[in-house]
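Each of the next two complexes has subunit A plus one other chain: subunit B in the first, subunit C in the second.
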Partner chain A sequence: MKIVEFSNFSFSYDNGNYILKDMNFYVEEGWCVLVAGKSGCGKSTLLRCINGLIPKYYKGRYEGEVLVDGVRVIDYSMSELSKKVGTLFQNPDHQLFMFSVEREIAFGLENLGLDPSDIKDRVEWALDFLNLKDLAKRAPYELSEGQKQRVALASILVMRPKIILLDEPTSLLDPKTSLQLVNLLRNLKEKLKVTLIIAEHKLELFSPIADRLLVVHDGSIKAYHRVKEVLKNPSISSYGVSLPPLAQLSLFIEGFKEPSLTIDEMMKELRRFFNDRVS
Partner chain B sequence: MFRLPHSFIFSRQDSLIHRLDIRVKIIIFIEFLILSLILFNIRDQLTLLSFLGALIFLSKIERRILNSLAFITFLMAMIFILNLIISKEIIISLSYSLRFLLIILTSSSFFQTISPDELEYFLRLLRVPRYLRFAFISALRFVPLLMLDLIQITDSQRARGLELDKGNIFKRIKNRIPILIPLIISTINRSSQMAEALETRAFNSTKKDVLCLNLNFEKRDLIFLFIFFLPSLLTVGYYYIIYP
Partner chain C sequence: MIEFHNVSFIYPNGFKALDEINLKIREGDLLALVGENGSGKTTLIKHLNGLLKPTQGKVFIFGRDTKELTVAEVSRYVGIVFQNSDSQLFSETVEDEIAFGLRNFGFSEEDINLRINFALRLFELEIYRKKSPFLLSGGEKKRLCMACILAWDPRFIVLDEPTVGQDFLEKEKLIQMIDLLRRKGKGIVIASHDIEFLWKLQPKMVVMKNGRIIAYSSAEEIFSNSSILDQSNLIPPQLVELSKHLSTKAFQTIEQAKEWIKKRVNV
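Let's look at the complex of A and B:
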């Protein structure tokens, strides 16, 4: 089922230049889609079109349509959309408002006006799922960047969205925490079947869990396919997308069928490669 | 040494006083504040001070208070000397500086033991609407971030060769413009990003006012309320019953 669909969609802020131009693509439910491209190419703008900030909060020239879960974004109210789409912004400091982790997680549910007992159950669940039990009483701003991000994710997950958007989620994280985030997202994808749309140019980190790679350049789609298919085409590096080192390496080796994304895949290919040579 | 501001910021502790019901805390603090303002007799003031001392130790905030004590003592000495010059009465001057001490200690323990969550709960009891409460709470939340921004911007402008402490007063004010402008821009950015985050979390989307905080009034609260009402009872008893 198509959970997000852009058809003939263009957008410009305040009637300036088009930031997104004639976009046509869709995302199946449960996919993890990476959105890559130079900074300023329109990644954040694209995410805003899905979570409704465009056109509810940012007005401008809005042509064509964006469907979320089969309904046009413009036909939703912000509170209906907030139940379908959660957004993790670049800087968690700007999306944590409360003085304790559990209150932070409850905040969105309170905004929806849910029953307090219902809220409590859901908060418990989110604390448990993201391993935040020990931090429940702590103040979000005292936590490390990685923990802050987990809290922000918990406060999104607790709304039970079908889609989670992540805007450059690793820009403030160290390499180890970034890897933890990837594992966490894999977990979300497998256990909760949420659709993930991640704006990120560090492909090597996320490509192992991504089903599709969307390359955006100057507001237009330059490629949209399985990650490996896109990476086969060396011209994408001209759009500011850096090929993951492993993939780059495997493209150099003749006889590799497809670019490797993980060490394991690389090892398998290498083994096959050498076995072929020996025999 | 002069860490006075610190003693007016909430200090997260697990103490008997911190766990008290917010209503009890507010009643006790209002009571203590009124008593500090009206008592003008060294014996009564010292009685109140000993209750206040017990309260401070039970809240485990004595360290922060001690840290600011140097500054408080300095102010007390100033008040004492000024009053002594004017009134030439040692006892009265002492009472004035004790009054100052009582007010400072009461308000400082108030701010250190009441968490923003409890404050929100209390505001809701007073029927303050959710969006107003949020404005209040987020102001508390974002002042420290603003301070951090200010420090960062000042440091980076200094690193670029900005000299803050040169020239006369007008020059110094002018020197601060390169700090002010980035600060304003970063604050605008921050608030627009906050607004975006609020929109995606359904802020202000329903008229229902839900606050998922359960603060229960327990027997313990009643006991504390009684103990810390003793200073008032003593005062009233002394002035109206023993010495009418």
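Let's look at the complex of A and C:
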């Protein structure tokens, strides 16, 4: 089922130059899609068209359609759309404001007017799922960057969105915490079937969990395919997309069918390669 | 030279962010500061230009105690490019932005003009000369911040998380720029979580944890030491992990890995 669909879609802020031009693509429910491209290529604008900030808050020339779960974004009220689409911003400080972690997570649910016992159950579940139980009474601003990000994610998850948008989610995280976030997202995808759309430069980190890679350049789609299919073409780096080292190396080795994204894949290919070649 | 002698720093709320730091940074050094969030990297950086002064111990810049110098005096020798460009830019035009620091240091107007031209050319920003800094893209803003600092030609340049929000091409440019500065004999200090970027630079690495330096060594040694990696929330770059699986010395570049593979194949 198509959960997000752009058809003949173009957008410009304040009637200036088009930031997104004639976009046609769709996302199947449950996919993880990486959005890559030069800074300023339109990645963040694209996310805003899915969570409704465009055209609800950012006005401009809006042509064509964006559908979320079969309904046009412009036909949703903001509160209806926010139940379907959650957004994790780059800096969690921009979305945390309550005095305790559990109150923070409950905030969105209280606004929906849910039954208190239902709220309690959902908060408990999120604390458990994201391993935040020990931090429930702490103030969000006292936490480390990785912990804050988990709290922000928890407050999104309790709303049970079908889609989560993430804008460069690892830019403030140290390497191991980044890897933990990737594993957490893998869990979300596998256990909850949540659709993930992630704007990110670090492909080496996210490629292993991604179903599709969308490359945007000057507001137009330059590639949209399985990650390995896109990375087969080294000229993709001219659009600001960094080929992970392993993928670069596998492109050099003749007879490699696909770029390797993980060490395990690379080693498997190398073994096969050496067995073939070494007499 | 910048020297830290038994430097500790305690914030007013009692949090000890630096704990007995001893460190020497020389001109021509390329040093990377790594460690998990909250390990003390930013506090250490703020000691490099005198924004913070040690609670205990001393920081010497070319032999002078930073406690006896103003931030402006130290900045003449040490320029810092902070992570968030927006917090560093405020002028109406790109050229005014670069001129600001130079005027504060008392350069002549003629000299200021020469230096602006030089910095704009070096960072390929000439076409934006009369534009507002706020109309630039994220990558361009970062280049402008570097241009502002290089215009007054400090001896040390400090980059705090320089790759955040930068795409592949901008990162490649940044690497070229850092190489150029290194060849010019500048001392460069980079705080970064971006391990693939650091591996390309091959710096000496200072690993911090809980305000202490727990390791100081080459990138190769640090990234091959699993105990250090574990303690500091680091993971090895892809090429290091691959060479470990192949039981060979760490590949510094893709080219080295290609050579290694070529040699093992009878073609």
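As a working rule, the second predicted complex is superposed on the first by the 277 of 279 C-alpha atoms of A that agree within 3 Å, B and C clash if a C-alpha of one lies under 4 Å from a C-alpha of the other, contacts with A are read in each partner's own complex, and residues count from 1 in each chain.
Convention: a contact is a pair of C-beta atoms (placed from the backbone, for glycine too) under 8 Å apart; a residue touches a chain by one contact, two chains touch by 3 or more.
Only a predicted model underlies this, so the values are computations on that prediction, with no experimental measurement involved.
Colleague: So, does A:E258 touch the first partner subunit B, the second partner subunit C, both, or neither?
Modeller: neither
Colleague: Does subunit B (first) or subunit C (second) touch A:S79, or do both, or does neither?
Modeller: Only subunit B is touched by A:S79; subunit C is not.
Colleague: A:G108 in the overlay: touching subunit B, subunit C, both, or neither? Say first, second, both or neither.
Modeller: first
Colleague: For A:P116 in the superposed arrangement: first (subunit B), second (subunit C), both or neither?
Modeller: So A:P116 only meets subunit B here.
Colleague: Once the structures are superposed on A, label A:Q95 by its partner contacts, choosing first (subunit B), second (subunit C), both or neither.
Modeller: Touch status of A:Q95: first partner only.
Colleague: Of the residues on subunit A, which ones does subunit B touch that subunit C also touches?
Modeller: Of subunit A, no residue contacts subunit B in one complex and subunit C in the other.
Colleague: Provide the residue numbers of subunit A that touch subunit C in the complex, in ascending order.
Modeller: 37-40, 90, 144-146, 168, 171-179, 201-202, 204, 237-238, 240-242, 244-246, 248-249, 252-253, 263, 266-267, 270, 273-274, 277-279
Colleague: Looking at the complex, which residues from subunit B come into contact with subunit A?
Modeller: 12, 115-117, 130, 134, 137-138, 140-141, 144-145, 190, 193-208, 210-214
Colleague: Report the residues of subunit C in contact with subunit A in the complex, numbered from low to high.
Modeller: Checking each residue of subunit C against subunit A gives 35-38, 137-139, 164-171, 193-196, 233-235, 237-239, 241-242, 245-246, 254, 257-258, 261, 264-267.
Colleague: Mind listing the subunit A positions that touch subunit B in their complex?
Modeller: Answer in residue numbers: 48, 51-53, 56-57, 77-79, 81-83, 85-87, 89, 91, 93-95, 97-100, 103, 106-116, 119-120, 123, 139, 141, 155, 159.
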